[in-house]
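Right, I'll just put the structure down here and ask away after.
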Amino acid sequence: MATIAEPERAAPQQPTYHEITRDVVATLGRPSRGYFVLLAVVLVVLAFGGFALLWQIRWGLGVAGYTPPVLWGVYITTFVFWVGIAHSGTLISAILYLFRSAWRTSVYRTAEAMTVFAVLTAGLFPLIHVGRIWYAYWLFPYPNQRQLWVNFKSPLLWDVFAVSTYLTVSTLFLIVGLVPDVAAVREKTTGWRRKLYEITSLGWRGTDQQWRHYIRAYLYLAALATPLVLSVHSVVSWDFAMSIVPGWHATIFAPYFVAGAIYSGVAMVVTLLVPLRKVFKVERYITVDHFENLAKLLLLTGMIVGYAYAVEYFMAWYSGNPFEQDAFYNRAFGEYWWASWTMIICNGFLPFLLFFRKVRRSIPALFVLSLFVNLGMWFERFVIIVVSLSHEYEPYAMGHYTPSWVEWGILAGSFAWFFMWFLLFAKHFPTVSITEVKEIIPMPRKASLRS
Amino acid sequence: MANGSDGELNGSGMNRRRFLTVLGAAGGGAAALSGCSGEATDKLIPYLVPPDNQIPGIATWYASTCRECPAGCGVHARVREGRVVKVEGNPESPVNQGRLCARGQASLQGLYNPDRVRGPMVKNAGGAFEPISWDDAIARITERLEGVTGDLIRFVTGNEAGTFDRLVTEWLAALGSPAPVVYEPFGYEALRFAGQQVFGTDRLPRYDFGAARYVLSFGADFLETWLSPVEQARGFSESHGFRDGSMGRYVHVEPRMSMTGMSADEWIAPRPGSEALLALAMAHVIVNERLVPRQSDTFRVQQLLDAHAPADVADRTGVPVETIERLAREFVAEPSLAVAGGVGAQHEQAHVTAAAVNVLNYIAGNVGRTVSYGADLNPAGSSSYADLGSLVRAMRNGGVGVLFIHGANPAHAAPAGTDFAGAMAQVGFSVSFARFWDETAVHADLVLPDHDPLEQWNDFEPRAGVYALQQPVMRPVFDTRQTGDVLLTVAQQVGGRLGARLTAATYKDYLQQAWGRLQRRLRDFRPFETFWTEALQHGGVWRDAPVRTVRLARSVAELQEPATWSAPQDGFTLIAYPSPALYDGRGANRPWLQELPDPVTKMTWSTWVEVHPETAAEQGIHEGDILEVTTPVGTVEAPAYLYPGLRRDVLAMPLGQGHTAFGRYAEGRGANVYAVLSTDVTEFGGVSHYAAASLRHTGRHEYVAKTEGKSRQMGRGIAQAVTLAALQHGEHGEPHGGHAAPVPEHIEELLDEVQEAQDADTKHGDYAGDVPRWALAVDLSKCTGCSACVTACHSENNIPTVGPELVRRGREMAWIRIERYFEGGEHGEPLEARHLPMMCQQCGRAPCEPVCPVYAAYQTPDGLNGQIYNRCVGTRYCSNNCPYKVRVFNWFDHQEENDPAFAFPDPLHWLLNPDVTVRAKGVMEKCTFCVQRIRGKQNEAMLAGRELQDGEILTACQQTCPSDALVFGDLNDPTSRVHQVSRDERSYHVLGDLNTQPGVTYLRKVRNVGVEEA
Amino acid sequence: MTKRALLLAVPLGMVAAAVLLLLTRPGSAQGTGQASAAQMDGFKAPVDVDTAGLPGPVQPLFYRHDVHAGEYEMDCRYCHFAAEVSPSAGLPTMSTCMGCHILAGAANPEVQKLRDYWNERRPIEWVEVHRLAPFVRFPHHRHVNSDAEIECQDCHGPIEEMPQVYQYASLKMGWCITCHEKEEASTDCTVCHY
Amino acid sequence: MSAGHPGGILAAYQHVDAAARAIHALKAKGYRDFTVYTPVPNAEIAQAVGHKVSPVRLWTLLGGLLGCAAGFALTLWMSYDWPLVVGGKPVGSVIPYVVIAFELTILFGAGATILGLVFHSWRTRQLGAYDGRFTDDQIGIFVPCPVERRPSVEELLRHSGAVEVRVEM
């Protein structure tokens, strides 16, 4: 981490507090036509996704492409994908905060927002994928006339708790971080917006007492979020690791998934930041150095992921377990070879480009790379879930699965859902943390009074 | 008795849906599984008059007879609130002894078929059918009959050995008309011809597979359709199933390995059509080596045999000399039996094969031992295809004025060239008594639907001495009328000689008169009522027919050199074989049978062409490629299926599909292979099911609707087998992959401690105390793969059929499947096929249970994997985690009428078992060892205040298994049969190394090979 | 009974109904209390009541359990004979009704209705009152004959005081379980769900 | 500036050290109840004001412990309330329940922290004059004091280098 947390080289001339406030508040100005067009597109896609979901609820899960023995497909894949995306947000906002790494300040807000919306999206999929969505609430241990409880031994229950905890905590974290900023914005705006911020700033004035409690609370939230983020994806990975499916049942899964999660998440942060800094003209705060740091994170996690892939195959070979061996042979050379190789190339090989400083510091390159990583990580989950299931113990009951339009529609819808929230957020709340960016810049001193 | 079921609701004029709600309400409901109970909205309709011995909520059983094929098995029909919900074999019937095949199980779907003719229909001027009243309909017949002379009146029936046959014959005789043409597509003409030729009788003897320790089948599919499959399967499993160290041996001789052939210990694929030579050569060896005492009249065939030394026939049959000699020696070593004349082996020379086999049996001294004349089988009662041919000719040149057709569908189940339908156009007036809109019925002028066998009074004589009764077990579903009654009414109206001859008011009276005569013939002097009631209760009366000894007839000398079948140069021999599920096609309108995976290919809902993999490789053919098979008489198209169980120069296609009518389930599926069979009548008067064929790849392709993923077990030891030799040397297992590494002692102990500690914490509430552990044992050495259990399970557990599209996507709903794995068959090793019934293994450490978030899957105190449908949310995690893949998910709503996957069109939903919840959309379901039966019996026992007896509870699959391969019971009861069987030396658990501790134990298949001859 | 008498009966019925409602409303303490009191000195069913005003669905034919089971103290199982031997309690067949009413109660217009049904061979379409969810199995015989000595009333309520039957217990799972636990009967899921 | 707060002197500072001096000076003069506004948390100011560490962390601790306990209690009690065996595992399997307990620890801990934050901020809320600049780039000090003492305070603040000093009625 030390390498990553290296303090930011001083930018040419540091912005003053006033400039920071001004520039960030400027991002909340009247949206351009482009913004509305984008929002419209997003809403249309979302509507299509919604239609696909209603269609599925009306006729049953059969409209999805499920082909036994593959009973989990695109939905669970996408669920894991989004949960993973969420993780880097918490990493940057919480873990790096504990590590006191200065560079995080200008990017963490975006990352944290991404976390919340990603979890918000991920949370939908367990509902979407169940056969009787109208009974999904049975997964919660609420007192009922049946006097029946839930099965806490099921990894799915762990999921319920982990994901809902994650959503709650990261939302709190985001809100807490926002309060002082909103207060700052409040003073620069007028009309209904001012009203909005007056309410949402919860009467923040930055008094000595407020700061006193605030910094503590913030610290402990970060301290709680850190183990949480590690636990959440471990739990998600246990959905698979706890089962006996060859290709799922592996002890390496928890760290492997956490690394993968952060990997994909950082990629998504890059994907979001590149256009954002252009549109919002905050290049001054989100500099190439930030991207280089993100790139280093990518490189590190990417290599962990690549290593995990290698280890998986090694274990299959070393275990001597015929089912494992067959499962992994099938991954590489079976019907789904294309998916496996997409994942291996995108996640296993491409990150090595980041060893070159040129690449690390070239924003376009990073942007393209991040897209590939996102793709690769989606396929990683697809391969783990679908390919393993398609080739289990019973040769008689092996099958092949191809997703249907409903699944693709809902997948697209999920992206729309995510971006809808992000777009709305970006125009109403500061996507660059005013307070924290100021924090790393020492306050002006009056040297004359030294004497 | 029977009035019981038709007593209630008489004249109440309720429509069927209402009727069902009664049943639903009264019976506690097979209603769909819906979220809430809600307000009371349903109507309850009481019986007007209490039907005798019927208690609402309690099933009544009626004995009757299955009429799905001429085997005539006895059935028990389970009636709940006036509707039949299940048929099972009648244990008292000497034919099937309580077992039933898939077709028998599916007879319910004939009764409740939505495409039945729902009332009398007449063809109007426009050629369309319109309803007509029974009186008018009958009036029309009478006037037509009066319009023609007797000789112009012809009658075609199916095989109706019994009183109905007699009625028709009398009826025709009274009209001065020729005797009826009894058309059975599977008429076994060759067998009868050969019998005539060799023994001077065209009767079909009874073949006693139970007594034969060595069975040699020359293409007779005696476990599928041949003669009386259920009875034979039972006998076969008795002699061939492994028991205390020994078992029979079975060699199958046919160019194609049929399902029956798959049970063989050795498969010999001779040149198509050369079986006769092989049989004669064997006889030659037996006689010349004096392996058995010589029969006095062997001289009649001496000359023939001399001409067939093994050396002479070796290359013509493609079977090496030593093999022939070995077979000959094996054949006489033990009580043996050779059979021939299967429809799938019925080529032009089939009669010679059959004759040669007769000779072989005779020489070996089997006649009178395993081949017994006297208790002759009824199919002998059929006419031949030749008779049908002459009738058609008569029809063509105006020789037929009025034509009656009952129980036969020659427009489909006869070589297309026969063109029975076309000929019907030349007939002045044709009346069909069909129950369904089949290809023949749609060409008739008048369609007077007969009752379903389960709705009618009738009897049937499957074989001499067995008089099986049929009684109406429920009131007719539709406005149908029993043909017997129609004929009698007509007789009254026509009057004259006819009226005088047939005075019985109803067919029931006529039947009872007949049984009165029978009673006298049987020297039974009790009052008729007693006799009759008893017969009804037992399903008929059974007597042993006197055994008739036969000797070689003179005519055997005429038995001449069989002209070996020769396929055209670089062409193929096409074998059209009977479908084990659809029979000659009469089963095609039963969704259960359509969706029943073919035991050999695992294909459903279609026709296919079986091609040898190597042939396919040469021709660049892959599975699913649409092939065009052309014979001298026509062409059919069907997708390819690569089947290693064929000679390379042979193609095979199943009969039964390609219907152009016959209802929604049959119409337009697959191809009718009869279209490419020649109409030339063979010497023995039958149809040749062989044809010279050429193959063309159309370049089109489809995903075949098969239920199988991989056909090889990848060394995973799923379906295990062991040779008899190995067993005798004390080796019980076969080496297979996936053995757990040995665990160190102290670790072992530690694990045990942990295990005990864990078990201790499971003994709460209902789990405490001594509880049963329901378990099943499956003897693979008995399972023939016939799949009767699959259909029985569908019937018992309200399992919907899903249709070909969903089958292609692996979404069939069957709770039990027969896995068929191939071994060998490559680089020279002999091909071996293994069947393994796979149902929920009811694991003791079930992987499916802990992953369910809502306890829908859990361990019941009595050791089942409970599956609570109404609790299931549908995460499908359980199925992912099930190594056996025996859980099925409801992808669609199969009960919703406007759903594409709707599986129960009115009145098909009448067959829903009220004791089993009908599962809703989005719910996981699976086998629970027929838990409803377990609870039912437990309740009974509790009421009677007694303990459950071992063997009292029968699961549906076990109950119907013709070869008795399944044993169910309480594993915790050391005295139970399942407990003992499960400890057999051959027992193993599928994927046992996963420590799932299944409740299903398999006993390795035993192959009688490599044993030095005694 | 003449038309005028019937007319007179209507207001009477209103009053009677009101009283009866008080007596038989489920859960009302004094209601059940008085009811049991009434039991002691031979329960008298009110002469005539207003069906519409009563709890429970209105039936095509106003069969009165309070008269048959209450006043005449007929055993439930005289009509619902199946309850002891079968999972379903069953409906009495119409011939059972006619067994008595071929003679009895000729004057009563409802009995007249019954006879019309009978003569037209038309079944009466009773409205179902007690309805379990279709995925639940409730074997009557097992309960009626169990050692717990369960009375019909335990689940069906004071039938013998209901002119018109209404659903007394919730018949929901929690209700079943409570009793099963009290009586230490099995609470295994597959006892009722399969 | 609206009323609703005690009258006093409001000073704005450009420079952190100036503000700190002022605070020290005020404290020297015995003023305690003044309010310091800063756009960002600042160690120098905090030190000058000299608060003790916020008690919020206690809330976190208690919340966490409560959550952990709740997690185990919930799972175990529910398991035994209706014992159903799955996969031959103990009815109350502690190990898998650790996951639930852990998640609840975090959840309750975070929740409690927020409650603590709100609670303490409310209890120590300071009513005083305020100016929008204090969330932007200036430090504000508000000293509530009666009219007669204002001149001295005003003088003090001005001298310590305030860019602006304002009397708030």
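Lettered A, B, C and D in written order, each chain numbered from 1.
Going forward, a contact is a pair of C-beta atoms (placed from the backbone, for glycine too) under 8 Å apart; a residue touches a chain by one contact, two chains touch by 3 or more.
Bear in mind that the values here come from a model prediction, so they are computed numbers and not experimental data.
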item: Comparison of A-C and B-D (more C-beta pairs in contact); value: B-D
item: Most widely separated chain from chain D, with each centre as the mean of CA atoms; value: B
item: Centre-to-centre distance between chain D and chain C (centres being mean Cα positions), rounded to whole Å; value: 68
item: Euclidean distance of C-alpha centroids - chain B vs chain D, Å; value: 82
item: Geometric centre distance via CA averages, chain B-chain A, whole Å; value: 58
item: For chain C, residues that touch 2 or more chains besides their own; value: 172, 187, 189
item: Multi-chain contact residues (two or more partners), chain A; value: 147-151, 153, 157
item: Multi-partner residues of chain D (each touching 2 or more other chains); value: 82, 84, 86-87, 89
item: Footprint of chain D on chain A - complex, ascending; value: 16-18, 21, 141, 147-153, 157-158, 161-162, 165, 168-169, 172-173, 176, 180, 183-184, 186-188, 204-217, 220-221, 223-225, 227-228, 231, 235, 238, 435, 438-439, 443-446, 449-450
item: Touching residues (chain side chain C, partner chain B) in the complex; value: 57, 81-82, 85-88, 90-96, 118, 121-142, 145, 167, 171-172, 186-191, 193-194
item: Complex contacts: residues of chain C adjacent to chain A; value: 172-175, 177-178
item: Residue ranges of chain D in contact with chain A within the complex; value: 14-18, 21, 35-42, 44-46, 49, 51, 53-54, 56-57, 60, 64, 74-75, 78-79, 81-82, 84, 86-87, 89, 93, 96-97, 99-100, 102-104, 106-107, 109-111, 113-114, 116-117, 120-121, 124-126, 128, 130, 132-137, 139, 161
item: Chain A - residues contacting chain B, complex; value: 59-62, 65-69, 71-72, 126, 129-132, 134-136, 138-139, 148-151, 153-157, 160, 239, 242-245, 321-323, 326, 389, 392-399
